[in-house]
Amino acid sequence: MSAVFKPFEERADGQQNAANAASVIDIRGLSLTFETNDGPVQALSNIDLDVKRGDFVSFIGPSGCGKTTLLRVIADLEQPTGGSITVNRVSPEEARLARAYGYVFQAAALYPWRTIARNVALPLEIMGLPKAERERRIADNLALVNLAGFEKKYPWQLSGGMQQRASIARALAVEPELLLMDEPFGALDEIVRDHLNEQLLKLWAKTQKTVVFVTHSIPEAVFLSTKIVVMSPRPGRVTDVIDCGFPRDRTLDIRETPEFLEVAARVRNGLRAGHSYED
Amino acid sequence: MSAVFKPFEERADGQQNAANAASVIDIRGLSLTFETNDGPVQALSNIDLDVKRGDFVSFIGPSGCGKTTLLRVIADLEQPTGGSITVNRVSPEEARLARAYGYVFQAAALYPWRTIARNVALPLEIMGLPKAERERRIADNLALVNLAGFEKKYPWQLSGGMQQRASIARALAVEPELLLMDEPFGALDEIVRDHLNEQLLKLWAKTQKTVVFVTHSIPEAVFLSTKIVVMSPRPGRVTDVIDCGFPRDRTLDIRETPEFLEVAARVRNGLRAGHSYED
Amino acid sequence: MSSRGHLQPWIAFLGLFAAVALPLDAADAWRLLPREGVPGWIVILALAVAAYASVRAEKSALTAILLAFASSAGAWAALDLLPGLAGHTGPGFWALLFTSWLLAWALVSQLAAIKPRAGPAGFGLKLLVPLLFGAWLLIFWQVIVVAFQVPSVLIPPPSAIWAKLVSSIPILAADFRQTFLKAVIAGYVIGCGSGFLVAILVDRIPFLQRGLLPVGNLVSALPIIGIAPIMVMWFGFDWPSKAAVVVVATFFPMLVNTVTGLAASQPMQRDLMRTYAANYWQSLFKLRLPEALPFIFNALKINSTLALIAAIVAEFFGTPIVGMGFRISTEVGRMNIDMVWAEIAVAALAGSVFYGVIALIERASTFWHPSFRA
Amino acid sequence: ADPVTLQLKWVTQAQFAGYYVAKEKGFYEAEGLDVTIKPGGPDIAPEQVIAGGGADIITTWMPAALASREKGVPLVNIAQPYKKSGMMLTCRKDTGIKSPDDFKGKTLGVWFYGNEYPFLAWMAKLGLSTEGGPNGVTVLKQGFNVDPLIQKQADCISTMTYNEFGQVLDAGIPESELIVFKYEDQGVATLEDGLYVMEDKLKDPAFVEKMAKFVRASMKGWDYARANTDEAAKIVLENDETGAQTEAHQKFMMGEVNKLTEGSNGKLDEADYTRTVKTLLSAGGEAPVITKEPTGAWTHAVTDAAGLK
Amino acid sequence: MTTLAIPARPRSLKKPGQIFPVTVVVLAILVIWYVGAFFLNAQLARDAFARQKVEPTISQLAEATFSMDRPLLPAPHQVATELWKSTVDQPVTSKRSLVYHGWVTLSATLAGFGIGTLLGLLLAIGIVHVSSLDKSLMPWVVASQTIPIVAIAPMIVVVGYNLMNGKLGLSTDTSRFLAKAMISTYLSFFPVTVGMVKGLRSPELMHLDLMRTYSASGWQAFWKLRFPASLPFLFTSMQIAIAISLVGAIVGELPTGASAGLGARLLAGSYYGQTVQIWAALLAASILAAVLVAIVGFANRIVLKRMGMAR
């Protein structure tokens, strides 16, 4: 792999601001309650989290614990009802307006009246990129997710996994500094998933992006992350934050190492603790 | 576990008809081509498959290879363009009209104007079950998927995984002989997934259902199935059919056994062969 | 439907039997279909063969041809006999008509079941089915009016209307030019256009949404009838006043539909736009307008018929002595009801073509909507 | 009592005062009749109503009645309470119109819906084309009111002496600024507001008898209206279901209408009939009102039976 | 980048009052109306002054334009006074009361709207479920609307009203009522048919597939899927239908022999050139229409809320 590898510490020092200069997301005592027809639902409770520039942070937790909600708060798609949050040291709204991030939704959310290529083109058009640049990015990113040849198909003509991949290509085409991804690989088979995991990691290592990633797969979380945030069931709380010290240019092989299995076991325990099944 | 365990062979013999009496799904030389705006897309090509009563068959294959399409053909939601297929020894249409199966879609497909409980009630209302029976089945199945307490919520008030579980509860509530499931556990975390895997297995062992199951997870396929069908990329073909001889009352522990890992490796190889990534 | 498909030919046999056995003429018990000579026998045979064919092979090209021949032969015979039976039609006549109709319906069911095909053949088929339906509507109209001797100042028979239509083409063309080409087209474009623009404006400025929409509803719910005399007062006798009425009539449906349509996008699709920090116009053009298209077309279709009605009604309140509404109101007063219907026929044709064109555009531009994908 | 349904040509107004008075004053009742009066309006062709069986007897203008007769609705005039025509063309003086010779190139408002026949006959007589151009007149289909004149959209408009003319005056245009051409004066007057029934019904003597009673009572109503103008106007007002009429206007109308019904005892004057037919036949043109001299379009049987001499 | 893309989600946004914006818009309209009345009526007023040989000042002219008997455009206060006089100052049963006329029109409107919506629904259901109806009937449903209603209204009168009144022996009022309701029905079924054909076909394919897997009958698929999914379309169509149904009732009041009702009132105002009365009736009609449309809109919100769809 030819990507330039820089240890995390080194880059942090390279920043112009001191102290928490590298803090991309800073969440303090955040909570969120939904009002529903049969009473309020507390989705997030007293969350603290600090994501540094260049981090790859995974959220993992039982279904319905608030991972999506937390990601949406970061993206300014949901307003917290308590606590504070900054993204790139400004409010999430300002960050959103500055197009600070790319977002991959849990469902594909493709527009049915646009072909796959034009769906990927959508954010690029909005950003006002010139046509040649748009075409290049579309071609590159569709190839990356192995969808070359499907440019002219409409979303309803693709399988579920293909739609999901198209939506990943759409987010990557933006080439954002901060990537927010909500179970992007949920609908993919193991081989494609492994492949995309590696691609994502390469991209991350090469471009020094910050990634916030929601997943259900423990190995995936351990393989990808520099930091794993384990959440408890509703109201979502952070029960554990686990650091993963693997080098940035790790390969799939590390999944067989004892260190890997140890971290995975720790995550699994944290996760199990939050569940109510006693089998 | 108190489920009555009957070895597969024994039950097959117990059937009244001779020969392929126990054949629930019989597919011969089936193929299917979609007509799209930029030319035909061959999704399935010359598929042969025989599913016996009591089988647990998993389809596994790269994204877009035609798993969903094949399942839809079995459910009479798609018309094959060649070959023959019978379900319960009649045409898929007649089988559908006889309400021979329950289907879990790849996306949750809940009706937004019905609460979770009423979404589960939907097929029961259509079957004309009495109210008390309906309520019992709703309560049982929502509890099974760990959604008790969410009866009155609307789909959009649930997380992605919770919606998927509601849709599983809806299919199970029908108590069909034949279950067709399209990646039912794709959006769930490992713990819940393991739990539901076990529940499904128990149910299957107890009620002698036939299950056709699409998944992307190799361990899941190996753990659940009596037979794994490995498919190649478009046009979808069956490249391998792997028998799993594990006892019907297997537990999660078997995943550490060498036999398990051996079958998993065989599936992974079959799967990889179909992919074009050379890394 | 398939069960009824089997029932139909049997009822047809019964009807055929009645047509053969019962008198055609209420005043002459011996006037029977078989005694009508060779044409009578041809009709009987054709009906019998077609009914038999549709019992044996419900769906086949041969059956379709037989059905088409038999039903038109039967209808032709009935219309041919009709003038001589005016006022004293017998049960045999009605049985003949009914049998022919039943077989025509069987034909329609068969044609409708054919999978839609692209190209001119498919288009022809799409036209053929409603035309068959319409032809039978006209046949029944003709028969009822003549058989029961309805005074032609009340409702004239289609044959008289057709004759009038053919002999009055220059007048009809001039009226069409005045009302449709000038008033309707201008009013429709301005009305739909301004309804659309105001909808965008209302959407853009929340203050207007809260202030203008309720008041706008009030103003634009003004009944066109009341508007017409005022518009004539303001814009004079010629077509601009009619166009103004059309503008008012088409404005409201467009406004309501566009406002509804602009709110129709899925929350997640809107969220996507938010993550791109898309500005108002970007999310309007790239998300909300495409999503609103089905609603906008709904309004365009409703308006296409509304516009024509409005223009014609407006001409009742003062006009130069040309125009479709003028002609209708004048000729009613002159007891030339056949001319009135000729004008109505032109209006119906123009309106249907107008609607059809918009429906075609709709299909081409909202092909992705689930209602077209099925 | 014997039921009779009368379909009027126009809305409830003093133009039909005789019938309303006869009903209110019990003249019909005295004859043993139970009369229903159906108001008309701009979209009601009484000829069509009677052909459809919606009325026993109608009031209409003779040109329209004769035209209908040719179209297969055999109407017969049984009585003629109006002696004179109230039609006229009213022009603004500032248009420079002094006589019918000045109409050339001008814009004239005309009522259609079967009311245009007298106008067409007149223009034919003057030799003016109604298709516009320098040697013809531009015709507008006039709406329900006199606005075109007031707003100067037309140089002349059609008016009735008893109705629209009053409205023009009400609008503030003094008579001195107007010039009027009465159809009576131009020799193109046609008979207005006669009573018509279907021909076949007259074969039944009982029907003739019933109509005789009706006509006798109606003429009594007209006589009463002539004698008691204000009271008659009030009766009309009470019968107006729209509640839109004003008393002043109905009183004016009653006064003018009385001038037109004066001189008729109900019996059709053959000379008037002949003149009307002649006027219509002379109109000619592309779409003539009537193409041939009608026969059997009137009868004295009813008025004779009613004892009106 | 200048603007916030999409209004914040409703949850976080307290519904602000409507009173202030509506007041501002109403005031703006009143001002425009007065200005319009001044300019439109100015010529008539000048003519009137000229007849009296007076040279009017601007304020005299303004005063005259706002108080004419037969203005081109009456001033708002004239219309308001007339409205007041013909509603509050009259007993509601009086023929001079707009409340009375409003009720006459409203009853026919509601009857026509009810029957029309039902008919429209039935047609849409037939068209969506029976393919031969879809192909043969739909074009004729469209064609039916291109027949100018006023042209057939007199025929409805003659054939319908006279049939009911003459041959069937119904009372004049009932026949009149039914004839009007028929025209309302004729106008209002169409938007419902068009909207509902679209609406009943709007469910996602996957939702329809689900019904297929249950082998639900057409009827079940209708009640459990197509109908609920089409409700937003139904209500939008009904809003148009009820407005148009009022128009129908008013049109229907012309040829049934101008009697009672807002339409008759409008026309009567027209015959006698009483502009103020026309405008009062017109305003009353549009207030009625707006109230009716608002009621349907309100029902819409309640139903959607009860179905959990109002987000």
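First chain written, first letter: the chains are A, B, C, D and E, and each begins at residue 1.
Simple rule for what comes next: a contact is a pair of C-beta atoms (placed from the backbone, for glycine too) under 8 Å apart; a residue touches a chain by one contact, two chains touch by 3 or more.
Just so it is clear, the structure is predicted and the values come from calculations on it, not from any experiment.
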Contacts common to subunit D and subunit E (chain labels): C
Greatest separation from subunit A - chain, by CA centre: D
Intercentroid distance (Cα basis), subunit D paired with subunit B, Å: 85
Distance between chain centroids, defined by C-alpha means - subunit A, subunit B (Å): 30
Gap in Å, rounded to a whole number, between the CA centres of subunit D and subunit C: 39
Distance from subunit E to subunit A - Cα centre to Cα centre, in angstrom: 52
Sequence positions of subunit C contacting 2 or more other chains: 154, 229, 233, 267, 273-274, 277-278, 282, 316, 329, 332, 369, 373
Two or more partner chains touched - positions in subunit A: 37, 97, 107, 154, 156
Residues of subunit E touching at least two other chains: 1, 4, 72, 150, 154, 158-159, 204-205, 254, 270, 308, 311
Subunit D to subunit C touching residues, read off their complex: 42-43, 45, 47-48, 51-52, 64, 67-68, 71-73, 112-116, 130, 138-145, 147-148, 151, 153
Subunit C - residues contacting subunit D, complex: 151-154, 229, 232-233, 236-237, 315-321, 326, 329-330, 332-336
Contacting residues of subunit B [partner subunit E, same complex]: 72, 75-77, 96-99, 101-103, 105, 107, 109, 111-115, 122-123, 125-127, 154, 156, 174
Touching residues (chain side subunit E, partner subunit B) in the complex: 204, 206-207, 209-216, 220, 224-225, 228-229, 231, 307-309, 311
Touching residues (chain side subunit C, partner subunit A) in the complex: 266, 268-269, 271-278, 282, 286-287, 290, 366, 368-369, 373
